[in-house]
Every structure is written in C-alpha cells, then in structure tokens.
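Next come two complexes built around chain A: one with chain B, the other with chain C.
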Partner chain A sequence: MKVVCVCAFGLGSSLILRMNVEEVLKKLGVKNVNVEVVDIGQARGTRPDLIVSSHSFCEKLADMGVPMIEVINYVDKNFLEEEIKQILKLQ
Partner chain B sequence: MTILRGGDYLLLAKLITKETIQLNVAAMSWEEAIKMGGDILIRNRAVDSAYVNAMIKNTIENGPYFVLVPGIAIPHARCDQGVKKLGMSLITLNKPIDFFDSPNNPVKIVICLAAEDNFTHLDILKELTGFLSNKEDIEAIINADFIDQALEVFQRY
Partner chain C sequence: MNLILNILSSLISQAAVLVALMSCIGLVAQKASFEKVMTGTLKTFLGFLIMGQGAGIITGMLEPLNEIMMEAFNIQGVIPVNEAISAIASENYGTQMALIAFFGLILNMVLARITKLKYIFLSGHHTIFMAALCAVMLSTFGIPDIMIIIIGTGIVGLLSIITPAISMPFMRKITGGDTIAMGHWATTCYVISGLIGSVVGGDPKTTSTEDMKFPKWVSFFQEPVLLMGIGVFVVSMVSCAFAGPQFVSQYAGDTNMAVWAFIQGFIFSAGVTVILTGVRMILAELVPAFKGISDKIVPDAIPALDCPSVFTFAPNAVLVGFFAYTIGQLIAFGLFIPLGMTVIVPTLLHSFFMGGTAAIFGNATGGRRGAFIGALAAGILNNFLCSWLYPVFGSLGFIGTTFADTDFSIIGLLLYYIGKMFGLS
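== the complex of A and B ==
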C-alpha cells in the first residue's frame, strides 16, 4: 500500500505528516505500507492508495479519485488514527 | 505520548536564540508577519530577500497550509529560493492574525523556517513537532513578555 503525504515543497509539513502517519500505521500494526513525501507538483505522478494532506492540496488533487485524509491539526495523531482505521476498513 | 524533558530541544535551542526571536510584535497582516519573521532570517544571514518574497508567494499560491496547529504558522519556501544556511526565526504577535481561511486561525506564533535540503533538517522537524504537540510550551511562548522567558522553553535541561 502506498501512502503519499503532500505539501508545497516536500520539505516541511509533509515530513511532519509522514512521521505521524508512520507512527500511527506502526501502532495499528499495518504492514506492507510505504509512506512517501511529495510536493504538489509531483503528486499527480504517483499512484497512491491514500493521500494525506491539508485542505488546499486535497482540493487540487480531488479529481485523482484517491481516498484522502484532510488534516487540520498536524500533530493530532488521534484524528489520523481514526481516519486511517476508517479508510482501511473500506479497502 | 511521553515527552522527555531533558535535551528535548537540542537543535531548536541552537537555532532559536536572542538573535532570532521577537516577542509581541505588531503586525497588521499575515504578509507583514511573514516579512518580519523573514527579516530576522535575513539579518542572521540564513536567507536573502528573495526567500522572504517566496514565502509570501507560497502563501498566496498554496494557501495557509503551513498553519499546522491552532495558532502557529510555519512559513517556508524551497531551498533553492534563497536559502544560504539553515535558520529559524520565531515571533509572537501582540494581536493574533488570520492567515486567509486557515482552520487553525488566528495565528499567534510565526516560525519562519529556512532549510538547506530535504534531509538535513529532519531532526529539527522532529523537535519542532514535539514543540507543536506540547501545549504547556506553546502557552509559555505566547505568554512570554521577556526574551529570556521564551528562550527558557527551548533551553531547559
């Protein structure tokens, strides 16, 4: 499974997101998952199973038809955990 | 999440110093706030003025996504847009400001970040994430009237 964290430059907020997403996935015992960091320009070139980002980027990528987690508070791991649990159940 | 007290902010303590912090700054707009944080980076030779303009342009183009948690904005731009060396500045605003329609408005702390590349500052981000998750430390910075009070937050051992 490929998770992609998106931000403007791939060197700030998406790195924080990746750290937290990886922690949550580890806690939930999810295996075989790769969490990548990309900037908004590269995001379309990937074929992710899940996109994690903030509102303006999720909006821009909505037409990709990929499940998304729209993050408001970047350090709220409980929110991430709940969202990831929900999405994985659907798959 | 257990938060270790000692040595928590080893790198932040080096980057956030009396030269790079300003408290209760009067800014009338998000643009002015970023400019003020950016000017500190320029004075400390971390970036040139092109980088400050890039941070502002980034906000207009990509929205206020870098207001990552309630009240705290972390503006930044790309390393090739004027970064000379790794640097951070921190300003607190005497009046909170909205950054467009960010769900984490209004902003009270603006931390401008200049990174040299995608990897070297990963440790800084880990420490920064620790700070962003620590409500006590955030309150201490917001309520600090004197620079020493704010610096204490990052230099506790």
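== the complex of A and C ==
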C-alpha cells in the first residue's frame, strides 16, 4: 500500500505528516506500507492508495479518485489514527 | 598510510559527506537496519550534491538577468529566495553550514531539556538556511573556523527555542491549544502582525476572515514553484523591454526577447525544484532522526512547525494575507529607488507563505482588519530588511538573491553591526 503526504514544497508540513502517519501505522500494526512525501506539483505523478494533506491540496487532487485524509492539526495523531482505521476497514 | 589520510581528509572536507555522516549517526541512534542506514546515508549525500547542482542553475540564469536589469534601470534588482542563497552558500561555506546545523539541532534538544522553553524546531530547511546565514556572516569576522561553528551553533540553538516561545500567545489563539508552536524564521513579522492586529484590528470573534466568502480561482496561487516562474518571467520581461532587444540578444541570440524571458523565468523554477529535491532528500532522513531522538530526551516538548501548519486553521486569512502582503511589497518597491536602496523585487512566493501566516496572526487578534493591516505591514517591513541586508551579501559575491524571511535578515544585520562594532568585518 502506498500513502502519499502532500504539501507545497514537499519538505515541511508533509514530512511532519509522514512521521505521524508512520507512527500511527506502526501502532496499528499495519505492514507493507510505503509512506512518501511529495510537493503538490509532483503529487499527480504518484499512484497512491491514500493521500494525506490539508483541505486545499486535497481539493486540488480530488479528481484523482483516491481516498483522502484532510488534516487540520498536523500533530493530532488521534485524528489520524481514527481516519486510518476507518479507511483500512473499507479496504 | 598517506593515501588513506588523504582520502579521509578529502572526504570529510566535503560538506556533503558531513551531512551524510549526520544522517548515519541519527539512523544508527535509532537502531535502524543496516540496509536502512546505508540507503539513508547515501540519499543524504546525494541530496546535498543535488542541492549544489540546483544552486548552479540559479546562479547561471541570474547572471544575465542582473546584467540586463543593470542596463535597463541602472539598479541591482534582488529576488530573495532562501533556497537559492543557501544552496549557493553551500558551495564555499558548506562545511561550516553542515556543522552549525548539526550542532544547532543538538543544542536545541539540550536547551529544551534544561530550560522551561520546551520546543523542538522541526523545520529542518530553516535550520539549514540559518546555518548558511551564520556561516557566511561569521566568516567575514576573520575568526577561526571553530569559533564560527560555536557561535553559529549558539545562534541556531537559541533561536530554535526562543522564536517558538514568543509565537505561543498567538498560536494558542490560532490553534486553540498548546499543541503547535511556530517553527518558521519569519516569526518576528508574524508577532508584529499579531500585535498590530490587537492594536488596530476589530473583534476577532465577530470579524474573522473565516466568515468571508472567496471565489475559486484564487486557489491557483497555491503552486509556489509556478508562481516563482511567472514572477521571474515578469521581472525579466520588463527588464528586457527597457534594456532593448539589441542588448538582450547577446544572451538570447536569435530567440525572441519575450520567449527568452519566459524561459528564464522557468529556468529559475527549474533550479528551485532541483534544490528542493535535494533538500527534501536531506530532510527526509535528518528530521525523523532528530524527532526520534528528541522524543526520548524531551518527551513533553511542543513541536515548532513550518508555517503551513496554521494555514488549515484559517485558510481565508491566507488569501487576505497574500493580497495585503503583495500590496506591502509593491509599496516598498516604490520607495527603494527614491531612497537609493537596493531594490527588492516583489516575490509572490513570500506573499503566500509569510503574508498568509502574518494575516493568520493578525486575524487571531484583530479579525479581518488585523489580518489585512498586519500582513501589509509585514510586506513592507520584510522587504526593507532584505534591502538593508543585501549590500553585505552583495559585497561577498552573492549577486541577485538573498535571504527572504524576517528573522534571517534581522540576525544577519545584527551580526554585521556587532562585527563592525568590534572591528571584525
């Protein structure tokens, strides 16, 4: 499974998201997941199973048809955990 | 034996190797697998080299542009882009930069542990930029390298806990809690904007920017690399028009002037994209390692994050800030020539990041009026600081670009004047 975290430059907020997503996935015992970091320009070039980003970037990428997690607080791991649990159950 | 020593000292003197070693240490400290340590270390090494190559692209296209601007207006126009100036600095000051950044991060952890200011500065790219600033400025003092690294480390370490701390009163209002601090070195102008909001703004609860409605097309402004390309194209185009086709043809050859200017604009974007790729590779290893270690040393620390971490709390304010900050930049632009100061070219990238954040601070204390006036003031203040600092860098051979964010300019200026006071620079 491939998770992609998106932000404007791909090295600030998206990196924080990647760290937190990886922590949550580890806690939930999810294996075989690759979490990547990209900027908005490169996001379309990836083929993710899940996109994690803020509302404005999620909106831009909505037509990719990929499940998304819209983040408001970048350090709220409980929120991430709940969202990931929901999405994985659907898969 | 001599051959081994020669190889070792050649390697260590390469900043890329130093940075890779830091990743290696960080990964080993986190007990990563051998394969992960190898790939992480090599990726960091590669990232640093890529960053340097990107710097080459930028310097390459800025040279002709500067000549054309000189011919057109007889002034030096400067486009402040942190990534560009830091990548260029890494060519000659790379070793000091790498060491200051590394020890600065360690000092951050130590200070967070032993003082009440428990913040961990997680915007690695800003740590790198501040290290670049310190390396360059302190090198002009003529002091030994070890002193440069010690003082630079002190500056980076202290700023890493102080700037998030001063942002907290506003961050609490913005995020509604203590979970995030501001880890972005334009904090001075954000705080000023917040203060302006509390003085001249309206009631933040009833006149918030978030109650406003905006049309959809404004979201185009969220592609910063494209914005840069268009911005540099406009600057090139105007300069070419005034310099005249004859003069421009020495650089453009047979290519039409306008087409050439357009290409130059996007070569700039290309250079920045390359630099970002490099920095991203470096940070992808360093920041998680740093966080992993600091989580153990200072478990109750508040993370200081990059400015977009507050965009989600007040997205409309970002747009208000974008426009207000741009107006501020244009006002400053109009004042530079009559005042005989270095002309800072209005850069839309800053309008988005710094203007947006300043507006969020201003909105938190003073609603939409606070957001607008705060961001506008930030635009004027920031560009004046850039303009003030530029001659120092220009005289060191850094032509055409400089540091963009407020705190870099302030520290740069402070170091310059302290150096002069002690007769060092």
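By our rule, the second predicted complex is superposed on the first by the 91 of 91 C-alpha atoms of A that agree within 3 Å, B and C clash if a C-alpha of one lies under 4 Å from a C-alpha of the other, contacts with A are read in each partner's own complex, and residues count from 1 in each chain.
As a convention for this text, contacts are C-beta pairs under 8 Å (C-beta built on N, C-alpha and C of every residue); 3 or more make two chains touch, one makes a residue touch a chain.
Every value quoted in this text rests on a predicted model; they were computed, and no experiment measured them.
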Chain B versus chain C as contact partner of A:Gly41, first or second or both or neither: second
Contacts of A:Ala8 with chain B and chain C, given as first, second, both or neither: both
Partner chain(s) touched by A:Met19 [first = chain B, second = chain C, both, neither]: both
Contacts of A:Ser54 with chain B and chain C, given as first, second, both or neither: both
Interface residues of chain A shared between complexes with chain B and chain C: 7-13, 15-16, 19, 37, 40, 54-57, 72-76
Touch list for chain B against partner chain A, complex: 1, 58, 61-63, 65-66, 68-70, 74, 76-79, 103-104, 113, 115, 117-118, 121-122, 125-126, 128-129, 132-133
Residue ranges of chain A touching chain B (in the complex, touch as defined): 7-13, 15-16, 19-20, 37, 40, 53-57, 72-77
Chain C to chain A touching residues, read off their complex: 122-125, 175, 179-180, 219, 222-226, 273, 276, 279-280, 283-284, 287-288, 291, 303, 305-309, 311-313, 315, 353
Residues of chain A touching chain C in the complex: 7-13, 15-16, 18-19, 37, 39-41, 54-57, 59-60, 71-76
